[in-house]
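Here the structure is laid out as structure tokens; the discussion comes afterwards.
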Amino acid sequence: QQADTTRQATAVLPSASQPEARKKEWFEAVSIRGYMQLRYNRLLETNPQLKCEQCDRSWGDNGGFSFRRIRLIVYGQLHPRVYFYLQPDFASTPGGSNTGQFAQIRDAYFDLGLNATSTWRLRLGQSKVPYGFENMQSSQQRLPLDRNDALNSALANERDLGAFVYWAPASIRKRLATLVSEGLKGSGDYGVVGFGVFNGQAANRSELNNGQHLVARVSYPIQIGSQIIEPGVQAYTGEYTLAKDQLSPRVKVRPDLTYPDDRAAATFVLYPQPFGIQAEYNVGRGPEFNASTDSIETRRLHGGYATLSYRARVGQQQFYPFVRGQYYQGGKKHERDARSYSVRELEVGVEWQPVKFFELVPMYTLSSRRFEDLQTKGNRQRGGLLRLQAQLNF
Amino acid sequence: QQADTTRQATAVLPSASQPEARKKEWFEAVSIRGYMQLRYNRLLETNPQLKCEQCDRSWGDNGGFSFRRIRLIVYGQLHPRVYFYLQPDFASTPGGSNTGQFAQIRDAYFDLGLNATSTWRLRLGQSKVPYGFENMQSSQQRLPLDRNDALNSALANERDLGAFVYWAPASIRKRLATLVSEGLKGSGDYGVVGFGVFNGQAANRSELNNGQHLVARVSYPIQIGSQIIEPGVQAYTGEYTLAKDQLSPRVKVRPDLTYPDDRAAATFVLYPQPFGIQAEYNVGRGPEFNASTDSIETRRLHGGYATLSYRARVGQQQFYPFVRGQYYQGGKKHERDARSYSVRELEVGVEWQPVKFFELVPMYTLSSRRFEDLQTKGNRQRGGLLRLQAQLNF
Amino acid sequence: QQADTTRQATAVLPSASQPEARKKEWFEAVSIRGYMQLRYNRLLETNPQLKCEQCDRSWGDNGGFSFRRIRLIVYGQLHPRVYFYLQPDFASTPGGSNTGQFAQIRDAYFDLGLNATSTWRLRLGQSKVPYGFENMQSSQQRLPLDRNDALNSALANERDLGAFVYWAPASIRKRLATLVSEGLKGSGDYGVVGFGVFNGQAANRSELNNGQHLVARVSYPIQIGSQIIEPGVQAYTGEYTLAKDQLSPRVKVRPDLTYPDDRAAATFVLYPQPFGIQAEYNVGRGPEFNASTDSIETRRLHGGYATLSYRARVGQQQFYPFVRGQYYQGGKKHERDARSYSVRELEVGVEWQPVKFFELVPMYTLSSRRFEDLQTKGNRQRGGLLRLQAQLNF
């Protein structure tokens, strides 16, 4: 228990008289960074009943200041072929508790290079499932405050526990890294080709059936003159089991609580140099509450979004004005009774980075949302609100 | 998600050929420290029914060894005008759970300098509300093991989520820092003038109404010869909404569960060179259980404390003998049924620091406490106990 | 709250003009390391009803990928006589919650050297109770995936809150450290003689009675030629109180829910150079469900295990093939109704370390387990399964 693994570990490195060959200190092998997002959503609010559980629980009536994310990331390239990434979120509430802001895992994974150059990588643990560009793009990078309903409803918290294989040539791995580090709002490196097997109940939930989900994705960032575009396709299939704690008493369900859960999506991205486009659409089927029968049934779903953005630099400061329109028709399997949704939403905002450590996003949202479970039949809300987010990066 | 923010961030700094201008390593921008407090409260105990929920849940019957606090702090001055502070506590129990010692946020905030010298600062996030010197003084610094009932009942865990503005001249900011670093048991830097708006339901609890709390404070550390005194005044106002899970069945309440919550306090501090005085008193009103009507009503509250201390250095070792008397009459809005209290307490102890990394505090407490909710009507307990705390600072 | 303790602390060190005497940076005083264990237990499974709650909750029906442990360790030798160790686990679920992977303390302790050479040490806080070699051996080091039922049923999570004294000569302290760092699967340094007083309700549970547990242990690593053996004996005594949330409705119990909890064990270890033996046996008494009376009674318990291993190095790679047989007959006080067990199990596996940062363990388990509480009377399961674990060390 008190073994100094770092010390052991470096013993396998060649020992030489040059200073470069000295023992690596722990803080050279392991790094720490993070970010936090504080929000206030009550300005210019026209309808306090307009809410969005998956986006942000502090919308509307009785909302106030809230942390959407408090992230601390511990990571490191331990060896040319071994990388790890551990990211708890400190703004999480345990299911069933009335107190919040506990630390819960988002990412906990390690990458093993399958060949010497790690163009083939095996990723083991809890990580983002390669389904949807906006899902994989970090919230630290994304322009709109929350992910779109259409593709994000596939995977609560975007993640699951499993094994994934990624392939990308070294030059593309470098390009994917640059698309983030140069402020172009990239997705990070999920390969050009990805394939995975995972539990299918989403992050931090135990498996509830004996089948695994399968996912596959192909996406390629293409340089065209000074511009880069990235078209992609992805799909997953599996069976989702409703947890008993998410069901209203007396809602009608399949005896084994298990439903097909299949989706396919297409993605197009033009990185903002200076004009950017990000658009995705998905179709599929899954559990959805049906208000006319009071039952949870397997139903079709479809929807997508398009975001237009512009990148402006004024001295050291950066401005990213953006507009996003989105549409979704289908169920949300992670919510009560696999709640049924019809969403149309338009958002206009700007991300302002006076320094790299701080960002402020004001965003105006105009929304029409139908969200129905057994306890909220006929619930449709329309309205507008101004949302504010202050983000600290460290 | 894998973007190296630190690396990005430092790109905005001027690049020069001097070694000082090199890229800052993550461990130079971010620091980690912390402390833990282990307690045993059962020695010389005369009444095992004498308890204090807000102070320390391990008093009395069936108590044993317990951690009162396990703190890990990640913080850094990222930029001359950007500072952050992230402090989880690892001795926290989620509401409704039977297992403990989970990590929960205490502080998560960032300071933005509003002018070049940061004499005006905007603090965003969850942080201590500037109400009460002892509330703001860190538990790592405080002499008595727990905060006084009178002012601490204003804010469970002393903190809330919101936006605060602090002003102090540079010379006073330096003095406030010195009052901590020199072992004088200062409060830390909450400015000479502070103003804030916050949710009002206390740390790690969601907002439950549509009104924000407001707070203001003025406090000034005055050098008089070799001595420093710090008089201060502070007040807050708002509406507090009782959470349903804190109510006994059948207790009578206002229909909206919402009560006025207003307080004002005066503070006087003489820093221990070598004699110290710390005294505070507050008055106000808020929800309180009334045993004669079985209802929670808006009632007046008042109370305060005075602590006398002495600082002695023997070689590298430090000794701080102290005595505190306290009084409180009023409700505790965060406890079951806004429990009603009458408290008289006298404490005598000494803090011993053989090295800066370790402190031991034996403290004898003589107490008379009435604490009544619907389930404990007529409950008044008197007694004495010896309390021990071992503290590790890293 | 914002005091820089590290800075304060180093002020007590002698100040000189040599560079060695400069202020210690925080990352020189404090280090961070950790590990994670990802598992899949469903291959070659012959009986999905064969389960083991204390070992691994992802065995059998509806199991999938799971993290058994995600550990982050913050530790440091702050002063020649002050050491601290803080280890949360990020794969923990709060009692009563349906969501997992929250951060919960495993170790939080500090060691104070009682003499100048720290051969006598006082350990305060939550740490492993010195009872059982395999209990004290880190899961990062252990060959079989889970600890044996016989000795591990003494202490859920192997730990408790209390005060412990350890003694060992400096040469033996060095040997105990080497037995871990050289890959010999040692237990870490719990002294040659250990004695402790602790709550007795196990890690992260509050004390539920007014008596403390006592423990004592003697163990000595003896060098015989090029081999090292370590015989040991240990025992503890105390009273264990069943928590109300672990009882089935209508199970019969003692009125105060409190039962004697006493055990003694013998240990023999031959460290693997290259053949290794690790064997332990314990006897005792404690609460156990009796299916013939539907009551929880004080009953005798006994059991143990023997593990044979071999250490092979092939270039930089390490292989540890092993086989373990184990037996247990008795109750598990931490489980529902102090569940009654009869366990016979044989395991064959190999730990493969291609690099020090990564380990893979395939292990085949052949098991016969009776585990009965009021809700599972007559439950006996037999079967085999192949278990896989991927471990990342950082």
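Brief remarks on what is shown
A, B and C label the chains in the order they appear, each numbered from 1.
The working rule: a contact is a pair of C-beta atoms (placed from the backbone, for glycine too) under 8 Å apart; a residue touches a chain by one contact, two chains touch by 3 or more.
Predicted, not measured: the structure shown is a model, and the values here were computed from it.
Different-residue interface: chain A and chain C share under half of the residue numbers found at their contact. When the CA atoms of chain A are superposed on chain B, the rotation angle comes to 120 degrees (nearest 5). The centroid of the Cα atoms in chain A and the matching centroid in chain C are 35 Å apart. Contacts with at least two other chains are made by residues 27, 32, 88, 94, 96-97, 102-103 of chain A. Chain contact summary for the complex, chain C toward chain B: residues 1-9, 11-12, 25-27, 29-30, 32, 74, 76, 78-79, 81-82, 84, 86, 88, 92, 94-97, 102-105, 108, 110, 112, 124-126, 161-163, 198-199, 203-210, 212, 243, 245. Put simply, chain B touches chain C in their complex at residues 27, 31-36, 38, 42, 48, 57-58, 61-67, 70, 72, 75, 85, 87-88, 90-91, 94, 96-103, 107, 128, 136-138, 140-141, 177, 180-181, 183, 188-189, 316, 355-358, 390, 392-394.
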